[in-house]
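Attaching a single structure in C-alpha cells format; questions to follow.
Chain naming follows the written order as A, B, C, D, E and F, and within any one chain the residues start at number 1.
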C-alpha cells in the first residue's frame, strides 16, 4: 500500500521557461530508460518476486521503486514548470496571451516551431507520458524475467543508461531549472547503480574498477558536484513507513563506485520541499472555469468549511 | 513524495491456480481502462494541475491516484497468485515440475494451450504490463487535457468503464481468488465514480437518476454485496500522510449513485493485510539461485545482522 | 460529401453464433489487408490526388473507396451477428445468461477459451477495429505515394491479397453466416482487382495470362460461384449521387481476369437489404438501460412524435 | 450503404501554402481526438448497436458518423492545399522546382526544416493518417463499450476535446486557409457536443450551466462568430437518403449550450461546394505520368467518349 | 559486405508438424530477446562503433552478429517445417486438403483453434516476424548506447535472457524438430554469453561464480548435453571471409562459465547442412502457380540452360 | 548461412557532418520502404519459400536479400558519418566538445534544434532503427503471402517506392556524403526493380512501356548518371559463395526498364571498399573507456599477440 505527502523529493530551482529543455527532459520521464520505466519495472519485480529467503533483494528493489514514483513526480513537475508560460518567450511577444483567440490573435504560435507541439495542443503546457522524440511510453519495455541475477543485471544496466542519458541532457542545456532536476537525478541514478552493483556483489561478482558506468568525472558538472560532496550517491532511503525493509542488509559497506565512500541506508526519506500548484493559462482553456464555475467553487468551499474542520484535525505544516 | 508499507490494500483470498482467470484480470491491470491507466492518468493530472483556487479538485484526483498504485499492487499480486504453480493443473500432472528439463520432461507444457504464453515464457508465472489480449500498456492512453471539466468527465467515464469491465470479468470466472479482488475493485471503482460525479455536481451538473454507470444491481454479485453493506462505495481515503488534502470539501453529501448513502472522507487509509513473498519455481529458474548463491546470501545476512539491528529500530508488526 | 441509407450492401444469411468464425473475419475488417485499410487508403488517395487530366483514375479510386465503407459496414455487422448470443453456445449452457451475475453465475465463461476475449470484455459481443490476432488497425499501413502508377500497382496487390486471405478464411469455416459475407467480398475484391489491372492496362501494362491473382478456380467455392454466374466480378458501381464520375472511361472492355466477361460500370449502386438492430444483451450491460431509462425514452418518443412527423415527410420503404 | 457526391461539405478559403499550419491540422485529421477517430468510433457504435427500442440514439450516432467522413475529406483536402507548392515558400526559392533533380538542384530542401518530413518524402505534399507529432492513427482508440450511457458520455467528451484542440490550433496560426476549416469544425464539434448532451438529457442528466465544454467565448474567434450567427452549432443534418433517421426525436428543444437557440434537425445535408483536383508536382514525381503515358490517357479518353456518353445521362452541375 | 551459402548452420531434425511448438519458437525468432533482435542489435553496434583502438570488441560483436543472421535463418526455417502440413494433423483429417475449397471443404479449419491464426491466414504455414504472443518485432528494442561497457553489459543480459527463454521453451514441448533447434541455440547463446562476459573481464569485471546465467544444469536436457560434450559452448566462429577479425584477442582463456573449458576462436564457420525448399501447399495458394505458369517456368528454364551453364562454372556440392 | 567481409559494398564519399541529411537518410534505413524492410522481407520470403521447381525465383529473392544486408550496413554507416562530429557545426562552436560537461559547457546543444534528438541522446551520433519521422521499424511491414506472383508484385512495388523516396531525398540535400550513398541505392533499387519485373515477365506479364517506376530521367541526377553509364542498374550479383544460385535463369535478356541494356548476372559480388572505425566522442561518453580501461585493453592486446598470431594466418589486405 502506498501513501503520499504534498512535498517534492527535491527542490526545483525557479528559472526561465524553456520548451526545448522541457522536451529533452521528456526522455527522462517517458523514455525507454526514464523514470516511468524504472518505477514500473521495480513495481512489477516486487509484486512477482520469488523466494522468501531472498527478501532483502525484494526490499531493495521495492524501496528504489517507491523512490522512482517520487522521481516521476519531480521530473514531471519540472517539465511542467519549463513549459509554463513559454508562449510569452517566443520572440514574438503577443499581447492577448490571456485572452484566447481574441481578435484573431495567435498566442500559441510558438507551438509550431518549438519543442513537441503536443505540449501545447494535447496537453496544456504540461508534461506528457512520451519520450523526447514523441513516442508514447510502452509496457513492453518492462523487464522482469523472474531470474534474480538477470533482473539485477538489467536494473544495473538500466540505471547506468538513465545516468548516461541524463549526463547528455545536461550537456544540451544550461537552463537552471532543467539542470537542478537533472543533476539531482544523475546522483540518485548513481546511488541506484551502487545498489544493484552491491546486490550482484553479494551474489558473486567483483566489479573491481569497472564502475561507475559511464566512467565520467561527474565532478565536472558543477550542480552534480555539490550533491556528491553531500554523499547523496551513497545513501539509500527505505521509503518504508513501518520499518520492515531489509534492504540495508545489502546496501552497506564500501561503494562499488570506487569513490571511497561507504553506503548508508539508515534514513526513511529525505525532507523534500512543499509542492505548489501552477497558475491558470487562459490561452489553453486550463483549468477552464468561467466566473460562474468559480463562484460555485467558492460557495461550496465556504459552506463546507465548518464540516470539514470537524473531520480533519488541523495539521501543522510539514517541516 | 510517496511512501510504502509492506501491506496489501485488501486481502487476496487463497484458492486454486487458474491461468485463464489470471489472463482475464490482466485487462484490469494493463488494459486501456485498467489500474495502471488510472494510476498514471491521475498522477499526470496532479502534476500538471492548474489553478491554485481549485486545490480541492487536485487533492481529490491525487488521493485517488495514490490509491490506484495500491490497486496495481493488489491486482498484480492477485494475477501472480493465480498463475503460481498452475503447471501442475494442466490435466497432465508431470512429476519433475521442480526439476527443470530433467530427463527431457515438459513441466511447462500448459503454456502452449492456456492463457497468455508470455506468462510462462517471458515472466515466471507472474503478472505482465499487458491487457487480456496481450497488448502492452501504452502511454498514449493517458488523458490530461488540462481543462478541469473535461478531465473530470473523462475520469468519470474511465472509472465507469473499468467497473463495467470488471463486472464482465466477474461473469467469466468463479475462481474465489480472482473474485475476491474483482469484487473489491468493482466497489472501489464505484467510489471513484461517485467522487468524479460529485466533483462535476459542484461544477453545475445534476446527475439525477443517470448514475451509477453501468446501471447494474451489483447486489446480485454476492462478494460485491458484502462490501456494499459495509458502505465501501461511499468512502474515500486521503492516503495523505500530513493531512493537507482538501478532497473532503468535494467528497461529501449524498451519494450521486442514488443509493441513499452519504459520502465520507475522514479516514487516511484502510488497514490492509500483510503481503507475502511467493515461493521459488525451479521450472522457471526463478529466482534461480543455486546452492552456492544461497550460501552467499545466508553468510551475508548473518554477518550484517548486528550492524543492521543497530541501524533499524525493532519494529512491531503492523496490526 | 458522403450520404447513407439504412440498408446493407449485401444480405447477411442468418445462422448459428460462431465466435471463432467471427474472429477469423476480423482480419477482413481490421487487418492489414482488410476493408478498413482499403477504405482509408482510397479515401486518402482521392483527397491527395494530383493531375486534373487524370480525373477518371481519381474517380475510379473514389468510387471503390466509397464502396469499401459499405464493406466495413457489412463485415462489421456480420461479425456482430456471429458473436451475438454466442455465450449460450459454450457447451456449458448457463441459465441466467440474461441476469448478469445473479447468484454468482458465469454467463460469459466462454470468453476465457474462445475467440478474442476482448469481444466480450471490451466490446459487447460486437466487432472491433483489430485483426484476427488482436492487433489494432494502424494508420502506417495506408499507402499513398502520390505516384499514380505505384498507387495503382499497390491497390492491385492490396485487393489481390485481400481476396487471397478471404479464400483462406472460407476454408477455415463452413458457418453459413460467415460464408455469405466472405463469398460476396471475394467476388467484389476480384471486381476491384479488375479495376486496378484495367487502369494499369491503360498505362501500358499487358497482364496477358497473369490474372486473376491468386490463380484460383473460385468456382470450387459454391457460394462464390453463384455470384460469379451473376457477373458480379465484372461490374463496378459509381456510388456517385450526381453522375460526375468518369470511372467508366477506364472500367470497360474485356476483363483482365481472362474469364471472357466484359466490364460494366453503368449502375449507381446495388439495391441492398434493410439493416436491423441487434437485441439487448443483459450479461454485457448493453445497452444498459434500466426500467426508468426506458420509460424516459418512451415518454420522449411519444411527446415528440407529432413534431417529428411535421419535419420528416413520410418515406416509402426503399425498394 | 454509403454514397458520395463530388462536393466538399464546406468551402476551403484559398491562401498561401503553409506546411507548419498543415502539420497542426494533422491532429484534427489523424490525432486521437481527430475526425478519423470520430468517424470510426461512430461507425463501430452504429454497427454494434443493441436495443431496437433505442433506434433514435443509433440514428443520431450514425448521422453524425456519416458527417465525420465528410469532415475527414474536408480537413484532409485542407492539409493537402496547405502543403501544395510549399517548397517554393521556403525562403530559398529554387528555380527548377518543376525539374526534379535537374543539375543537382534541391527543390525539396524545405522538407528538412519544416513540418513533418513525411509530407514530402512519403506523401507527395498531401495529408497523412498521422497526428501532429507524427504518430500513426491507431484502432485501439475507438471506444465502443456497448453500454449506451457510457458510449454517449465518451462521445460528449470526445467532441469537446476535439473542439478544445481546434480552439488551440486556431491560436497557433492565422493562415486563412487553415482557419476557414478549423473555424467550421469548431462550430460543428459544438453541434455534436449538443447532440450527445441532449441525448444524455433524455436519459436523466441535467447539464444546467456546465456546457459548453470548453467554456469559451468562441465569439472572440471572428471566423467562428460568423458561423455561430448562422446558427450552425444548433443544426444537425441526417445525411440519410431515404428519410428513415429518427435522430430528430432527440436533437430538438433548447440547446444545452445555454446560448438560447433551439436545436433543429430538419435538413438532409448542407449544399457544399464543388471539389477540385490538385495540380501536378513534378518534384514529387506525382502523378508521375510521362508524355507517353499522358498520350495513352488522352487516346483512351477520346476513344471511349461515345460509349461513355451512352451509359451516363448528361448530368447538370450540382447547384 | 555479406555473403550467403545455401546451407543451414545446423541440422533441423525431421519430425511431426506441430503448430503449438512452432508458435512457442516464434519468441526465439521475433520476440524481444529473439534472434532478429540480437542480429539487428549487433549489426547496429558494429556500424556505429567508436574507438579504432577497441577494434577487437567491434570484431567480436560483428562476428556474433553475422552468426545471428544464420540463427534467424535456422529458427525461421524450423518454424516453417513445424507448420508445414499441420492442417492434416487437426484431428479432423479432411480429404481435399490439396483442393482448396472444393465442395465447400474446410482444409484450414485447424487455424481457428491452434497456434497463431496468422500462420495460416497471413502467411502460408510459414514463420512470421512476430513473438509468441503475436506482437510484431519492434525497432525500439535495439540497444546501442555507444558506451562500450554498457553495450557489452546489455549484450550479456540479452544472451542470458534468450538462453533462459529457450530453456523454458524446451520444457514446453518434446517435439524433436523443435528441440533440435532449441537445444542448439541454448548452447550457442551460452557461447555468446561467454564472449560478452569475457569482454567485460578484459575491462575489469571478475564474474567469479556468478555465471552462467541462468544457473542451470543444462546437462539435464539430453539434446543440450550432446552439444556441450562437443564443447560448442566454448567455441566462437569469425564468419569473416578475409581473416581480419581480431575477436580472438578477447575470446580466449578459461571460460567464465566455470565449466573448466577453454575458449577457442580458430574456426571460420561450422560446416552446416544443405538447405531444402518446402513443398507446395495448394490450400494456401502457395506458390499459386497454375499449369500455364508452371509451363512458362519450365520453358524458360530449358531455353536458358545453355546460357546459364556458360556463365556459372559447374559447382561441386558443398561438403 | 551467412558470411561477412570487413568491406563496404560501396564507397562513402567524405564530406561535412550534416544531421538534417542524416535524418532524411533514416527513411532509407529504418523506414517502411527502407533497407531493413527489404532485407527482412526477402529473408522471410526465402525461408518460407514453397515449390522446389521454382528454385530460380527463390534464389533471385535470396540473392537480393543478401545484398540488402550490405545496404543496411552502407546506409547505416553513412548516417553515422553524417552525424559524427556534427555538434561542432551548430553555429555555436563550443570549446570543450571533448570535455563532457566541463565547467557547465553544453557541447550537445545542437540536439535541441537539429534532426532527431535521439541521435545524440539515445545513440552516440550514430544510426538508429527508425524512420525519418522517428517511428521505430515494425515487423508488421514484412510482406510474405506465400503466393509467388503476389510476393513478386509486392517486391516490385517495394523497390520502386524505395527508389521514389530516395529520388526525393536526393532533392532535399546536396551534401556529398549523403548523395554518394543515395545515388548508389537509387541505381541498385532499379536493378532490383528490373529483377522482379523480369520475374513477373516469365510468369506472363508484359510491362511494355510502363517501367521504370517512377518514370524519371534519373540522368538528371549527376551522381546517378555516372553509375548508369557503368550499367549498374542492369547487373545482379549472386552473393552466393558456392555458386548454387539459379537466379541467372531469370535475370537475363533485355531490361524491362526499356533503356536498351541487357541484364547480366555473372558476378558474385562487387569489390567494395575497406570499412573503417569511427573516432571516439567524449561528449557522448563513447566508447567511454577511461585511462585505466584503455591500459587494460593495451595490456591484453600485447599479452595475447603471440597466441593470436599462431591461430590466425597473416591475411593480405583485400584488394
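Here is the rule we go by: a residue touches a chain if its C-beta (ideal position, glycine included) is under 8 Å from a C-beta of that chain, and two chains touch if they have at least 3 such contacts.
Everything numeric in this text was worked out from a predicted model, so none of it was measured.
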Neighbouring chains common to chain A and chain C, by label: B, D, E, F
Distance-maximising chain from chain C - centres being C-alpha averages: A
Remotest chain, chain D as reference, centres from CA atoms: E
Listed chain pair A-B, B-D or B-E that repeats interface C-F [over half of contact pairs the same by residue number]: B-D
Separation of mean Cα positions, chain C and chain B [Å, integer]: 39
Approximate Å spacing (C-alpha centroids) for the pair chain D, chain E: 48
Per-residue multi-chain contacts in chain A, two or more chains: 32, 122, 130, 134-136, 138, 140, 145, 147, 149-150, 164, 203-204, 209-210, 213-215, 284-285, 288-289, 292-293
Interchain contacts (touch definition) - all pairs: A-B, A-D, A-E, A-F, B-C, B-D, B-E, C-D, C-E, C-F, D-F, E-F
Of all residues in chain A, those that touch chain B in their complex: 1-9, 30, 36, 40, 43-44, 47-58, 62-63, 66, 69-70, 72-73, 76-77, 80, 122-130, 136-140, 142, 144-150, 202-204, 239-246, 248-250, 252, 265-266, 269-270, 272, 276-281, 284-289, 292-294, 296-298, 300-301, 304-305, 307-308, 311-313, 315, 318
Of chain C, residues touching chain E in the complex: 20-21, 23-24, 27, 31-32, 131-135, 164-165, 167-174, 179, 209, 213-216, 218, 220-223
Touch list for chain A against partner chain D, complex: 99-109, 111-113, 116-118, 120-122, 130, 134-136, 283-285, 288-290, 292-293
Of chain C, residues touching chain F in the complex: 32, 135, 138, 140-141, 145, 147, 149-150, 153-154, 156-157, 160-161, 164, 200, 203-210, 213-215
